[in-house]
Amino acid sequence: MSLTIYGEQLNSRLLIGSALYPSPEIMKQAILASGSQVVTLSLKRQNPAENSGQKIWQYLQDVVAQTNGKLLPNTAGCKSAKEAVTLAKMSREIFQTDWLKLEVIGDDYNLQPDPIELITATEQLLADGFKVLPYCTDDLVLCQRLYDLGCQVIMPWASPIGTGKGLMNPYNLETIRMRLPEATLILDAGIGKPSDACLAMEMGYDGVLLNSAVALADNPVMMAKAFAQALQAGELGYVAGVMEQRQTAHPSTPTLDTPFWHQNS
Amino acid sequence: MSLTIYGEQLNSRLLIGSALYPSPEIMKQAILASGSQVVTLSLKRQNPAENSGQKIWQYLQDVVAQTNGKLLPNTAGCKSAKEAVTLAKMSREIFQTDWLKLEVIGDDYNLQPDPIELITATEQLLADGFKVLPYCTDDLVLCQRLYDLGCQVIMPWASPIGTGKGLMNPYNLETIRMRLPEATLILDAGIGKPSDACLAMEMGYDGVLLNSAVALADNPVMMAKAFAQALQAGELGYVAGVMEQRQTAHPSTPTLDTPFWHQNS
Amino acid sequence: MSLTIYGEQLNSRLLIGSALYPSPEIMKQAILASGSQVVTLSLKRQNPAENSGQKIWQYLQDVVAQTNGKLLPNTAGCKSAKEAVTLAKMSREIFQTDWLKLEVIGDDYNLQPDPIELITATEQLLADGFKVLPYCTDDLVLCQRLYDLGCQVIMPWASPIGTGKGLMNPYNLETIRMRLPEATLILDAGIGKPSDACLAMEMGYDGVLLNSAVALADNPVMMAKAFAQALQAGELGYVAGVMEQRQTAHPSTPTLDTPFWHQNS
Amino acid sequence: MSLTIYGEQLNSRLLIGSALYPSPEIMKQAILASGSQVVTLSLKRQNPAENSGQKIWQYLQDVVAQTNGKLLPNTAGCKSAKEAVTLAKMSREIFQTDWLKLEVIGDDYNLQPDPIELITATEQLLADGFKVLPYCTDDLVLCQRLYDLGCQVIMPWASPIGTGKGLMNPYNLETIRMRLPEATLILDAGIGKPSDACLAMEMGYDGVLLNSAVALADNPVMMAKAFAQALQAGELGYVAGVMEQRQTAHPSTPTLDTPFWHQNS
């Protein structure tokens, strides 16, 4: 049940963020408990008093090394293709990886991806050798474009980042899965509960990226384990083939008029 | 993370049905894979050609013995308190257990429990020494009555049996949990997907009883494992404390105007 | 498009409450604007400083007279069959009507009807000559019982009273409509928006009873008109036959490869 | 309660399509019954045996003249900016109007607008003097772009065209309304029931465009009236100020322990 991203084989289908944890130590424990091997990080990270800049980065590098996984720099907070491309290049240099979670924010209220700027930035970064994982809305045509441009991984949102609203538009998400059967689809942003992640996997998604749902839980380490199990449950459920919904009730115990010990006499 | 039902401690929070499987062998494997230690069975079971009546019962007894668990006879298909009480007494004699999943069906279309007959039957059976697990609707007052009568376990439905519609009315289910904090609450009927079971556990339910969702899956044995994991994920998530939903987006990476390596200079 | 309740023909399918308005004058205007001819009132009404007890009742009688309609006393706040029956008899004497909206509350949190006490009170009141309109939950078996006892009108809830949550469980409500085709079904409690009332009518319900949604609107008089139109829209929609939902998109303009002016050449 | 579109004041907030009706006569009656003054039409219309091409157009022109309204040519079925622009110019010439419902389809399954091609076509057509009403997805950034380009009217979808699924993503639709307070917002595509249209208006939308919901009803003429009323109900409801949803029940009749006639003694 491994996930392959740009040729890398990973043991977990969970991708996890590194922000908003109560402390670096809890972050480390939560990441390790999650089983995730892909950890996102932003260069534009807000400066925590006790752990500013490079220290946090070195700390994270150590954590990722323990997972035997990959650091996934992101361009969170960028509002134009140009800004994102610039930051991406800095990230590549500093973090020594061509993997990139590409975010270009288009609105300050819902913090949604800007579809136009996202396409522009994706084109430039792919041409420059990046392995782009674009964070996008649940717009099929946008996802198709990004895939056609050469992104092997597409990451539509479930709902606005940090809301914990879960899967706002299951119809759109199912349509994307159906129409892009070859793409690696990671559901990104808006996941609130383990059951949300489980549902995404039951739809046939290849993975889930989340941050707040773990970092803001009362117990982030335990919640990380909960998500790890929820993804496995959902994946198993998808492979095992979920029963069809039915409009009318069906007895699980079809009955005859007489109990069996009378029938057998 | 064990579940206690009428003083019995169980290793799994999943209760499972024994009907509708493709074959007895697959049923056995699915039950064992689920980790469940409580298996429901109806005396009024439809007569399968190759495994009629007592044979099936003996087979099931063996399976339950392997789980080190309990057989839970049910009164599926009964339409009156009187009929259910009669069948319950037969079941106790044959299966040598005073545990009983009490079903009294009130309508042929949605196969819902009849609240009035259910209360009548519950009173009589509790007085007669049964340990009653009543299958009921998601009506708080009905659940409260059953609890006040002495049922330690209450089993509201998620949706009509066999529909796989999942949790039709989360508001009602959450209200029951909040108002009956001491009762052992098992969600029963209508579960379709592992994420449904996960969601029930995230709400603080003590367990889930299902049958069709496993038996009618393309691969019942794998689906049984999926549900086992989904329940664990949901329970962990409940204990770990799910984040609050928020109406507006929040960046998981709060950003400053300048990347940290500039800030640090 | 008239509604018949216990032999009375009414011009409106809206039944309206008389509580929570900013002032008696606004209440009067709102009731008149709604077109409703059935106004509910409780004897156990909280005593407004400026309009205590009998004054409010006389005022309401005048309003109802202007609608050429009926006063519908209710037993809001009663918690047992006995209490409700006593209050019903007082109401009949004072208000000179055998119509009764029967409420027996079973829980202080969700203020839901108590199905057991409701049946007991219904039996006694029908036997005593009352024309009972029972407020009940969306439980099909309970609705069927009340209908079988002789209630010509059944009033299931949409959601808990005063929440404005709208139709919590459309499946249950649709099932009740389908299974009780002869009963007059009024959706009662929980309506928040005109679209909720419209949806109820599209399902084939015979009417809607509401109070908070009008009384707590910024402009109760205008909201009363909005609901009057919404009910008419929903009823027309039901009679006109709503299109089937479809899973896949269908062009409303099926196109050929060439525009028609080329086709016609 | 009039609607202004590109300076034209209209008496109805409903825009209606001219396809899929059982007959031209029923189409005419339905349009007149709807009260709509804006009727969409496609040059690429499928050729009905009895009413091919120009005949249908002349017939529609007559109907629109009777409404004292406007014909709104659309580019349904176009799959690229280029194709849409070409068709738009033909439409302007033939129908003698610079109004245009701009559709550029991006996927054959969900028939959704292509956000990229849509922007390209919008730019060209606005520059060429068209009054563009773009049909788009419920993507806030896309809507913002179209508005910034100079479209006074924006028409996001409710759900895929012809599905009748109603408002798939209320969160997105509410966000667009909140973030674009000055734009004229018309909900377009996916409307199935009058209550869907009512809900859109309650959200503060300025109008609704639909076709299948009326044309495919059992009785299109009656359904047209139903929608006309539903829009008015929703608009009134929006202006009147819908009550806040509440999580817990609130009695509409707050009660004291004693009835008022005792209190007054």
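Should a chain be cited, it is by its letter among A, B, C and D, assigned in written order, with residues numbered from 1 in that chain.
FYI, a contact is a pair of C-beta atoms (placed from the backbone, for glycine too) under 8 Å apart; a residue touches a chain by one contact, two chains touch by 3 or more.
By chain, UniProt protein names: A, B, C, D = Thiazole synthase.
From a predicted model like this one, the values you see are computed outputs, not experimental measurements.
Engineer: Among all chains, whose Cα centre is located farthest from the one for chain D?
Structural biologist: B
Engineer: Between chain C and chain D, what is the separation of their C-alpha centroids in Å?
Structural biologist: 31
Engineer: Suppose each chain is reduced to the average of its Cα coordinates; what separation in Å results between chain A and chain C?
Structural biologist: Using C-alpha averages as centres, the distance is 45 Å.
Engineer: Can you work out the whole-Å distance between the CA centroids of chain B and chain C?
Structural biologist: Chain centroid spacing, chain B to chain C, equals 35 Å.
Engineer: Give me the residues of chain C that touch two or more other chains.
Structural biologist: In chain C, residues 109-110, 112, 160, 165 touch at least two other chains, as defined above.
Engineer: With chains as vertices and touches as edges, which is it: line, ring, star, complete or other?
Structural biologist: ring
Engineer: Could you please specify the touching residues of chain C with respect to chain D in the complex?
Structural biologist: That would be residues 17, 19-20, 42-47, 52-54, 56-57, 74, 76-77, 87, 90, 94, 109-112, 160-165, 192-196, 198-199, 202, 211-213, 215-220, 222-223, 225-230, 232-234, 236-237, 239-256, 258-261, 263-264 of chain C.
Engineer: Looking at the complex, which residues from chain A come into contact with chain D?
Structural biologist: The touching residues are 106-107, 109-110, 112-116, 119, 137, 139-142, 144-145, 159-160, 165, 168-169, 171-172, 175, 178-179.
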